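The structure under discussion is supplied below as structure tokens; questions concerning it will follow.
Chain lettering (A, B, C and D) follows the sequence in which the chains are written, and residue indices restart at 1 in each chain.
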Amino acid sequence: MVSGNDMGRQATAALPDAGAPLAIELRGISKAFGPVQANKDISIQVKRGSIHGIIGENGAGKSTLMSILYGFYKADAGEILIGGKLTAIPDSQSAIRAGIGMVFQHFKLVQNFTVLENVILGAEDGGLLRPSLAKARRVLADLSREYGLDVNPDALIEDLSVGHQQRVEILKALYRQADILILDEPTGVLTPAEADHLFRILKGLKDQGKTIILITHKLREIMEITDTVSVMRRGQMTATVKTAETSPEQLAELMVGRKVLLQVEKRAATPGKVVLEVENLSVRDENKVERLKGVSLTIRAGEILGIAGVAGNGQSELLEVLGGIARGTGTIRLNGVELDLTGKHSDGQSRRAQGIAHVPEDRQHLGMIMDFAAWENVAFGYHHAPEYQKNALFMDNDALRADTEKKMARFDVRPPNPLLAAKNFSGGNQQKIIVAREIERNPDLLLIGQPTRGVDIGAIEFIHKQIVALRDAGKAILLVSVELDEIMSLSDRIAVMFDGQIMGIRDPATTDERDLGLMMAGVAGKAA
Amino acid sequence: MDRLPKWADVALVPLISLLLAAFFSAMVLLAIGQSPVEAFNVMVDGALGSAYGWGYTLYYATSFMFTGLAVTVAFHAGLFNIGGEGQAQIGGLGVALVCLALPWPHWTLALLAASLGAAAFGAAWAAIPAYLQAKRGSHIVITTIMFNYIAAAVIVYLLVDVLRPAGQMDPATARFPEGAKLPSLSDIPGLRELFLRVDSSGMPILGADGLQTYQNVPANVTLLIALAACYVVWLLLWRTRLGYQIRAFGKSEAAAKYAGINPVRITMITMLISGGLAGLMSINNVMGEAERLLQNSSEGAGFIGIAVALMGRNHPLGVFLAAILFGFLYQGGAELGLWTSIPIELRIVVQGLVILFTGALDQMVRMLLRWAFSFRTARVA
Amino acid sequence: MDYATLLQILDSTLRLATPLLLACLAGLFSERAGIFDIGLEGKMLMAAMASGAVAALSGSVWLGLCAGIGASLVLAALHGIASITFRGNQLIAGVALNFVASGVTVLIAQRMFGQGGRTPPLTGDARFNPLTLPFAEELRGVPVLGPLYAEVISGHSILVYLALALVPLSWWVLYRTRFGLRLRAVGENPASVDTAGVSVVALRYAAVAITGVLCGLAGAYMATALQAGFGREMTAGRGYIALAALIFAKWRPWAALWATLLFGFFQALALRPDVVEAVLRFKVPVPALDALPYVLTVLVLAGFVGKAIPPRAGGQPYVKER
Amino acid sequence: AEPAVIFDLGGKFDKSFNEAAFNGATRWATETGGTFKELEMQSEAQREQALRRLAEAGSNPIVMTGFAFGDVLNQVAPDFPDTKFAIIDMVVEQPNVKSVVFTEHEGSYLVGMMAGLASTSATVGFIGGMDIPLIRRFGCGYAQGVVAANPDAKVILNMTGTTPAAWNDPVKGAELAKSQKSQGADVIYAAAGGTGIGVLQAAADEGILSIGVDSNQNYLFPGKVLTSMLKRVDNAVYDAFTEGTEMTGGITVKDLKSEGVGYALDEHNAALVTPEMKAAVDAAAAKIISGELVVHDYMSDNTCPAATF
């Protein structure tokens, strides 16, 4: 699984200033999940009172490493030193005792408990709850005054926004008097403004002498707030450097292992007739909360409309309602024909029949059946297609397998084995199978969400080329991605979504990340 | 070594689970002061040692094939149907109503109509839990349990107050007309020689007319339908579009929705098929054997279907084999009750242990195997 | 229906509701911790057999009670091993253990007593005898309340009062203690408990053990208080009715009391079709009364009587590493 | 050939009906040194297999307890013309079947009189098993006896259920007994197989009297069971086993005269039965035997002069 370490260890565990006290030292940590070597012989040192960044692509092993430090996973090999002392951390209890607190990428909160209950869980002062709750209420009031961490202690978690839930997680760690705070991709769910607020809090904590480890894959954040930064790639630590002595370009290169082509080669768009018209489209989730609020947009043949925004601002709902997974109100016209939004023909089958293909954001949960073989997944969603049918009753499995082989060859899926179960392909190859399935249908409109999430750089380039090729063939494409770089380089027009609405539409040639970032935070007005 | 070879997963895991269940059954026997060896001999002799024995073994196996398939089909859609018992009993009601409705001219017609009645009633009984699961998210395990009890109450009411012929004391319907009598396997030319009646020295017994006499075995033509059902279910699941949709839905409801597979529709259709299969079982016992509807006609076969499906790894071929095994267990168990002082309940214990090891402790078996395989690979390496 | 008949039915209700209540609370602890348990029936049955057998042999109902709890705990441990340690399917494990219990109880009782899988009738100290509460006789004369106290409230075995006392106790444990907080959390989101440094496995085993103890009480009540001895399949589906009551009660202790009293009331009514007929002025088939708890549960599940949302992590094994 | 006996759902240790049959078979075995096969039913649908299996294995004669075997016996008997069958409580008209029925109304009349005489509240109870004409025959005879002893007495009648499960539901029996007690009954007659144990138990717990059925159940709760209505199923089984393969078909009626039914008097209830009671009951018995007194049989016309069901 682990590829050859072509970079070597450039600056292995770069030592911070000699003599400075170390908060944490990890030595030779390894961890495998079955066949996946998530961490391989990782060593790292973190100075007390510093903010240490960890960056790396998806799946590089960042969360795993930190979960080991927090005692959530057990390392297969390696040592942990806290404050210079060798410390065994077999479980989270030991980590907490050693003064470590962690805010996970996926929050670990009990949804129908109050904030107070969540905060004291596991840190109660005795057999009875009442004194613990009273104490927690006092401590929380102090903490919120000290760090600006406001949250209603009696609110139920399920009623809180993600940003507030994150505050609860931080409060949980502080309540346990953590000296070392680990935050795993804390800004992925935050608007830029919320992220700024968080960073102010973190700086405050640092000034109090606390040590902070911040996982992110946003280079901007690293440059802005960290003192030192470690780069991980495919389970290994490729470098640890002082932030002041590095540049985003160097970090990106360390992350992916070679120079990164940030720009996709493409000709200028030649937009044709309007393919998709969306007017006043709204979607509510199962809790009746409005997630998409009266969105209107159009896409022409031969153009890519990119949707930028912080995750959770309605992009997923937009894709889902267009792809026939969710229901909504408003109008959608495809090639001038109005689509059914609530009735019998509002499902994925009908959308496909009408010429909409959909590469979903979450490929492992939506796009394919992980236990099905590749050939079965190639029919997924197109199981009604005439070429896959033997007769009225039976599917033509042989034809399907032959077709799969062809698609695998054209899209360079490795290994090119139609009988292999989807779960046994790597993320990038899974994505290629899905993209092949959807693009080869030659749809009028392609919906594509997070096309390169967790995909290695080679596959990214390939998938980007396919998207551009489809555009050049005169098809309309709706691209949703949280990666601003991807949006900037692929889109012919960029729409920014915030809170279920389109904040504005920009030409990539005339905009920049700052402008988009403001709109993503809901600050800039609706100047389209 | 982390993954088991496929053959080990398919064949070795159930086999070892079965051996574990057998081992613990033997321990239970030893604990109550009985000899497992003797028990096993009695079971083999009683279930396989005579025409009478295998007549009953096949009869039970037929029922278990249907209920096993019913659990299997639902399982592939991610639905755990423990309502086979109730569906089979209500299916029996369908059979009884059809058989009693007309003086059937020929058994083939009666069989066709009764099959439809059985499947329709069984499916209808599965439809409400299915609807509640699909539309209202009520957990189908709990609703099907409830429906088992409700079915029992419905049957009691009907047998006591509605269907019981005047003057009859036991709660049962009237006997079905002669035209609705299914041929038993010993009536079928070609098969009948399997069911010769023999005397104690093993010599065939001659009738008054000098011809050999045959056992009147309960195994009947329904067995052939059960075999066909195994094949049809296999085709359905792995060759048809519907089967594709069922399996996809069972693996991931969210993905199925993305693919435009309607969850409500698939849940309903799958449970109708499942209930229909469970209902079909009652042609075997109600029409083929009892020839009238009795209380508790399915005698737990709906539950044994769970064990059969788990043991058979939810594959029709596996279900077929597991059904035969359980047919053996059931007939053999009945013989234990007769010829030894081991209570007949032993077979329920074995059934429970099989479900436990194949269904709930399968991870433990896999871990054991993985451990064993790691030795092998280590040596090879 | 006259007052005396009502009292008699209520008296009967309390007796019949007790095993349901104990089993329902048993299920409550397990399911609140995220372990679905359709094996309540089997545990009760095991406990009934063990307590009946030991009480018959020793002549002491207290030894019988201990044996019943012990036997139930053995099954609970098996359920825990299958569904916590080996992360097996909780529902299948429950179904399996019900079958095992159904068979094993008869095998053992037959082996021990040779009476077709029953225990001999229990007499004297081998049984829980009714307790007369203070002043029951003196207050009998008080209009309305006197007979209610004397007939319905007084005159039950100690286990009935224990079961009733367990309702506020369960509520208190669940909502007022550290253990209860953690228990509820582990049923909602085990990862939250795990990252808080508390063992998910230990908590779940503790919950399953409580379930075992309570089912043991329920089974022992069946064999040594409600009846005088064990008989095959004597729990007669009460484990499932308790499960139904648990859903009806939406996994809450006080609601569990009301739900089991309601279902006990139905069982009491099913014993008196004559009274039902007299009150309703038409004949209600007994099977309809028998089926009532199940029908009601289906209605609850269908959301017609308020939505029943089970603990969120219920039914799923806690898997940290795939 | 070895004889066999099949017990119905209550089980052979029901202390009542089936146990009486078992006792008869055991008595035959100890007296003759012979052995016999036995089977207990677990479910309704098993009856046919049980019959066939025993016949197949060469058991002869085969005795079965309970009316519920009637239908299947009608099917199975012709398949085994050389095997003799005996069925209790049911008439099956086949050449190789002997049907044994009892005049339960006569025996019940006697214990009804006893109940009427023993009751101080002039209210007595009857708890039947499964609600079928056969059990109503018990109840009807009992009610006639009660009224004969005390014309003002009230009889509370309850049935346990409508299915064979009613033969083995002691919880329900106990609850019904408690309910009857609360309605004033101070003697309760249980004609309900295994369910009766619950009735007798509850009556003993509540401090009232009970009347057993089929077997002599007086010993179960000494001093608490007024008497037992004896139905000599044991004799029927014993006779059938003794006749062996020579058994002839046809209907045998076992009545008071032939000591097929009666009431039990032993050391366990001696203190409860006063000489006056015994004298009155014995006098009635004599009249029934002589034909002077005819107890109405519910099954003759499905009506009862002394009770409504």
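The working rule: contacts are C-beta pairs under 8 Å (C-beta built on N, C-alpha and C of every residue); 3 or more make two chains touch, one makes a residue touch a chain.
As the structure is a prediction and not an experimental result, all values here were calculated from the model.
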Inter-chain pair with the most contacting C-beta pairs: B-C
Far-end chain from subunit D, centres as C-alpha averages: A
Whole-Å gap between the CA centroids of subunit A and subunit B: 48
Inter-centroid spacing, subunit D versus subunit C (mean Cα positions, whole Å): 35
Whole-Å gap separating subunit B and subunit C, where each centre is the average of the chain's CA atoms: 31
Shared interface positions of subunit B, touching two or more other chains: 156, 160-161
Contacts with two or more other chains, residues of subunit A listed in rising order: 34
Residues within subunit D bordering two or more other chains: 40, 162
Each pair of chains that touches, named by its two labels: A-B, A-C, B-C, B-D, C-D
Contacting residues of subunit C [partner subunit B, same complex]: 38, 78, 81-83, 86-93, 95-104, 106-108, 110-111, 117, 232, 237, 240, 243-244, 247, 285, 287-288, 290-291, 294-295, 297-298, 301-303, 310
Residues on subunit B engaged by subunit C in the complex (per definition of touch): 28, 32-33, 80, 82, 128, 132, 136, 138-139, 141-143, 145-147, 149-150, 152-154, 156-157, 160-161, 303, 306, 310, 342-343, 345-353, 355-356, 359-364, 367
Complex contact set, residues of subunit A against subunit B: 34-35, 323-325, 347-352, 358, 360, 365-372, 376, 379-381, 383-384, 389, 393-395, 397
Residue ranges of subunit C in contact with subunit D within the complex: 4-5, 7-9, 11-12, 15-16, 115-118, 121, 129-130, 151, 226-228, 231-232, 234, 236, 268, 271-272, 274, 286-287
Touch list for subunit B against partner subunit D, complex: 52, 56, 156, 159-161, 168-172, 175, 200, 215-216, 218, 285, 289-292, 294-297, 299-300, 334-335, 337-338, 344
